[in-house]
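Structures are listed in the sections that come next.
Heads up, the next two complexes both have chain A, just with different partners, chain B and then chain C.
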Partner chain A sequence: MSAAEQVRQYILENFLFSTDTSLLGLDESFLERGLIDSTGMLEVILFLEENFGVKVGDNEMVPENLDSVNRIAAFIERKKA
Partner chain B sequence: MAAGPASLVDLLRESARCFPERQSLLLRGAVVTYGELWRDVCRAANALRAGGLAPGERVALLIENSPEYVIAYYAVLQAGGVAVGLNTAMRGPELARNMAHCAASALIAMPGHPELPAAITSGGTLRQIVTTPATAGIVPRAALTGTTTWHEWLSGADSADAPAQVGPHAPAAIIYTSGTTGDPRGVTLTHRNLVANTQSILAYLGLRETDRIVNVLPFYYSYGNSVLHTHLAAGASLVLENSLTYPHLVVQAMANERATGFSGVPSTFALLLQRVNLGEYDLSSLRYLTQAGGAMAPALTQRLRAALPAARLFVMYGQTEATARITYLPPERLEDKLGTVGIAIPGVTIEVQDAQGQRVAAGVEGEVCVRGDNVMPGYWENPAATARVLRDGWLHTGDMGHFDADGYLSLVGRSSDMIKTGAHRVSPLEIEEVVLELAGVAECAAVGVADPILGEVVRVCVVPGEGTAIEPRTVQAHCRDRLAAYKVPKEVVFVATLPKTASGKIKRFMLKEAG
Partner chain C sequence: MTKSQPLSAERAFALDYAAEIERIGGALRQALSTELNRRGLVVAISGGIDSSVSAALAVRAVGPKRVYGLLLPERVSSPASTHRGRLLAGHLGIECEVFDIAPALEALGCYARIEEVCKAVHPGYGAGWKNKIVLEGGLEGRYNHFKLVAQDPTGKIHEARLEYRQYLMIVAATNFKQRVRKTMEYFHADRLNYAVVGTPNRLEYDQGFFVKNGDGSADVKPIAHLYKSQVYAMARHMLLPDEICNAVPTTDTYSLAQGQDEFYFGLPYAQMDLALWAYEHDEPAARLGEALGISADAAQAVYADIEAKRRATRYLAAAPIRMPPS
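Let's look at the complex of A and B:
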C-alpha cells in the first residue's frame, strides 16, 4: 500500500470512523473540513513517527507538510530521501 | 454625574472616537482600524433595521472569528437585537436545535459552512439571511427571501450612528452552553451584564490601547467573548489566529506581532509547552497571560511561569452564567496562593453555601454562589433550568469550593457530571441520547476520563442489546454525523451492565475508572 493510501486509511478510521475512501479526497484540506484539531494533529504525528520511521520537528508542523493526505505523503517522501 | 456606558456599543464608540487610526482587528494580513470597524458596525446595524429587525429579536451568527463576526455582533447590539453566536463546530442537528430554540429572525453566516443548510431550514422565523465573504456560496437562494451577500448588504446601508433605545437590562446576547439535562440552555446576557463584566476585567487586567493580543479563543464562548469586548473597550488590537492545529505558528505570530497578551485554557498552554520550544522565539513583548476555562494543574502553571517569567500570569475562574469572569488571582500572589482561583473581581460578591443555602465559614466546603451585575437574568425560554441555578438572589454555580482565611477561593470539583474537554463543556446526556439512537445499544453512559492535554476526553460505556454485535467505530461514526467533533467519544467501552445505585442512578465515577 502506498504511503498516501496508508495515511488516508488512518485518517478515515480515526477521524471519520469509516473505511469508505470516497469520504476523503487526497487533496482535501483537513483544516477546511474541520477534521483534525490540535490534539488530533498530535495523534497524526505519532502515527507518522511510528509507522514511517520519521521524526517530525516542531518547525515542520505546518499546513504545507500536513494539511492533506497528499501533502503528508510528499512530506514523508522528502524526509526519507 | 455623567451616565456610564449603557452598552458595549458605547465602549466601542468611545474607542473609535479616541483611536480611529489604531488597529482593532487583524486576520490573515488584513487590518481593520477602529474607525473602519465603527463605520461598518453602524452600517450593519442600519442594514439589520432596514431588513425589519425589531428590538429584542434574535440574530444568529454562524461565523468563525473574523472582523465580520465582530461587526455583526456589535451591529446587533446597536440595533437593539440579541446576538446569538453559534458554535461553528456544531453539526446540523445541534445547530437546528439552537436556531429553533432562539427563534432567530436573522442569520449571518459563513457561506462555506457545511451545516448552513440545516441552520437555515430549521429557522422558520428567519426573515434576513446574510452570507459573509468567504469560500464559494452554498446557500439555496431560490427557496429564501431576504438572502444577500455581506457586500450587497453593507454597500446600500447608511453609516449614521443611530443606537436603538433599549434599556441596560434588555437582553443583548445569548450564549448556548451544555446543560447536564441535555436541553438547550441559552445563557441570556443583558447589556448591563456585558458592560459590568467588561469593566471589572479591565480594572484588574489594566489593558490599554497599546496592548496587542494574539487570540485563539472562539468568540462564541464566554471566555473568547470577554477577551474580545475587553480589548475593544481598551482600544487594543486583536490578532485573530483561528487554529491551534499548528501551535508553533501561533507562537510565531506572537513574536512577529510583538504581542503583549495571550489568553488560553489549560489545554492551550499544555499544548504550547509540549510542542513548542518557547525559548526559540522572541516573546519579550508579552506583558500578560490569562488562563481560565477550568482548573489548571499547579505544576503546569509553574512550567508556564518558568517558560515566560516576564509575563504576568492571571489565573481566573468564571462561568457563562456570570457573563464570563467571577474571580482572578493577582499575579503577585500566584506563588503563595497557587492552586486557588483567587478573589472576587470588582463588583462581584461570592459566598460559599451549604446545602441549606447558609453561608459557611472559611475552610468549610460548599457550593460557590455569586451575586453581581454580571449574573445573567436567566436561561432563554427555560424557566425550570433558571429556577435551579438562580435562587434567593444568588447564582448557584454548581462548583464546590472553600475560602481560605485570606478570602482566596479554592475549587474542589463540580456537583454536576459535565465533561470538560479542552475549552469545551459537554453534557453526558447529549452524547447518550445520540448513542441510544443506534440499534444494538441497550443502555449507555458517557463520562470524562483523564487526558494529559485536554484535561478530559469523552468515554462512552455501552451495554449492547441481547444478541447484537456492534463495533466501536459504528458508535463513533454515528456520533461524528450528529455531534461536533469534540463530543465524539475517544473511547468506546463495552460493558455487561452499568453500575447503579439502589435508586437506579448511574455511578459514573466507577465508569471513569473502568476500561
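Let's look at the complex of A and C:
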C-alpha cells in the first residue's frame, strides 16, 4: 500500500470512523474541513513517526507539509529521500 | 473608530465603568432572583484580576454578606496569590475560607501523573525540579503544540516538545486542579443556596482558555463580555488594592512561573485584546499589524490563530450534543 493510502486509511479510521475512501479526497484540506485540529495533528505526527520512521521537527509542523493526505505523503517521501 | 484612524486600545475599550457596574449588578440580581432562585454568590478568588473584579462586582450586586469567597491553593500555588486573595476579601468585607486542595489532588494522582510525564520527557527530572508547559507554533503559521519546559535544581532550563500521549496526560492531570476547585465551589453554593460565579474575561471565554467542568463551569459569568484591558480598568475604577490592580496575569498552575501569554495566547494580553477586538470588528490585518508593530502577515497569523482556537475549543462552552429526535 502506498504511503498516501496508508495515511488516508489511518485518517479515515481514526478521525472519521469509516473505511469509505470516498469520504476523504487525497488533496482535501483537513483544516478547511475542520477534521484535524492541533491536538489531532499531534496524533497524526505520532502515527507518522511510529509507522514511517521519520522524525517531524518543530519547524516542519506546518500546513504545507501536513494539511492533506497527498501533502503528508510528499512530506514523508522528502524526509526519506 | 473610523477606518482612517489608527487602531487604539484606548478608543476600542472605552467604557462608562460606573454605568457598566450598575448594569452588571442589576443583571446579577435579576439572574439570582428569577432564573437561579439562589440567595447569594460563591466566588473562588485566585488573587488575579479577573476573580477579584468578579468578586467586587458580586459585592456591588448583592452586598458583602451574600458573597462567599474561597481561596483554593494547591502545592504549586504562589503564596503571593493567597496573600492577594486574603487582601481582597478583607477589602471587600466578605466571608472567606482558605481550603488547601493539595491532599485531594494527591489522592487523585494529579501530581504523580504530572511527574510521570516530566520524567518521561526529561529523564533526570526529580526532587527540586520545576515545570511548565509553553505553547508554540500558532503565531508562526505552524500548528499549535506544547513544549514541556523544566528547570533543574541548578537553574538550567530543559525544553522538549510533548508528544501526543504526553500532552494529553499532562493536560488531563492538570485539569484536576480546576475541577476539584469547582467541586468545592459547588459544595459551598449548595450548602448556602448560592450560585457560582465564573470568572473568565472575554478573551479567555472567546478563545476557550478554561477547563470544561472546571473553571469553565458556573451559573453566572459577570465579566465574560469584557476584554481583559477593561477588567483592569474596572478594577482601578472600583479602587481595588494596588497589588491586585498591578498583578501580572499568570496561570498559577505549574511549578515554574508561567505567563498566560506563553501558556495559551502567544501575545501579551493587551495585544491579544486588541487583536480580538480588531478581528471582531473586521479590521484588515494590516491595520492590526500597524497597531501592534508587526507585519501584516504576522497579524494575519494572529487572526488565523484566533479562528483556530475558537474552532478547537467551541465544544468547551457548548451544551452536550443530544441526538436528533427520531
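Here is the rule we use: the second predicted complex is superposed on the first by the 81 of 81 C-alpha atoms of A that agree within 3 Å, B and C clash if a C-alpha of one lies under 4 Å from a C-alpha of the other, contacts with A are read in each partner's own complex, and residues count from 1 in each chain.
The definition used in the following text is that a contact is a pair of C-beta atoms (placed from the backbone, for glycine too) under 8 Å apart; a residue touches a chain by one contact, two chains touch by 3 or more.
Every value quoted in this text rests on a predicted model; they were computed, and no experiment measured them.
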item: Partner chain in contact with A:Leu46 - chain B first, chain C second, else both or neither; value: second
item: Which of chain B and chain C A:Asn59 touches, first, second, both or neither; value: both
item: Touching partner for A:Asp37 - first (chain B), second (chain C), both, neither; value: both
item: Residues of chain A touched, compared between chain B and chain C (which is higher); value: B
item: Which of chain B and chain C A:Ser2 touches, first, second, both or neither; value: neither
item: Partner chain(s) touched by A:Glu13 [first = chain B, second = chain C, both, neither]; value: first
item: Chain C-contacting residues of chain A that also contact chain B; value: 34, 37-39, 41-42, 58-59, 61-63, 66
item: Contact footprint of chain A on chain B as seen in their complex; value: 89, 112, 114, 135, 243-249, 267, 271, 275-277, 422, 451, 453-454, 473-474, 476-477, 480, 485-486, 488
item: Of chain A, residues touching chain C in the complex; value: 34, 37-39, 41-43, 45-46, 58-59, 61-63, 66
item: Footprint of chain B on chain A - complex, ascending; value: 13, 15-18, 30-32, 34-42, 58-59, 61-63, 66
item: Complex contact set, residues of chain C against chain A; value: 136-138, 141-145, 161-165, 167-168, 308, 311-312
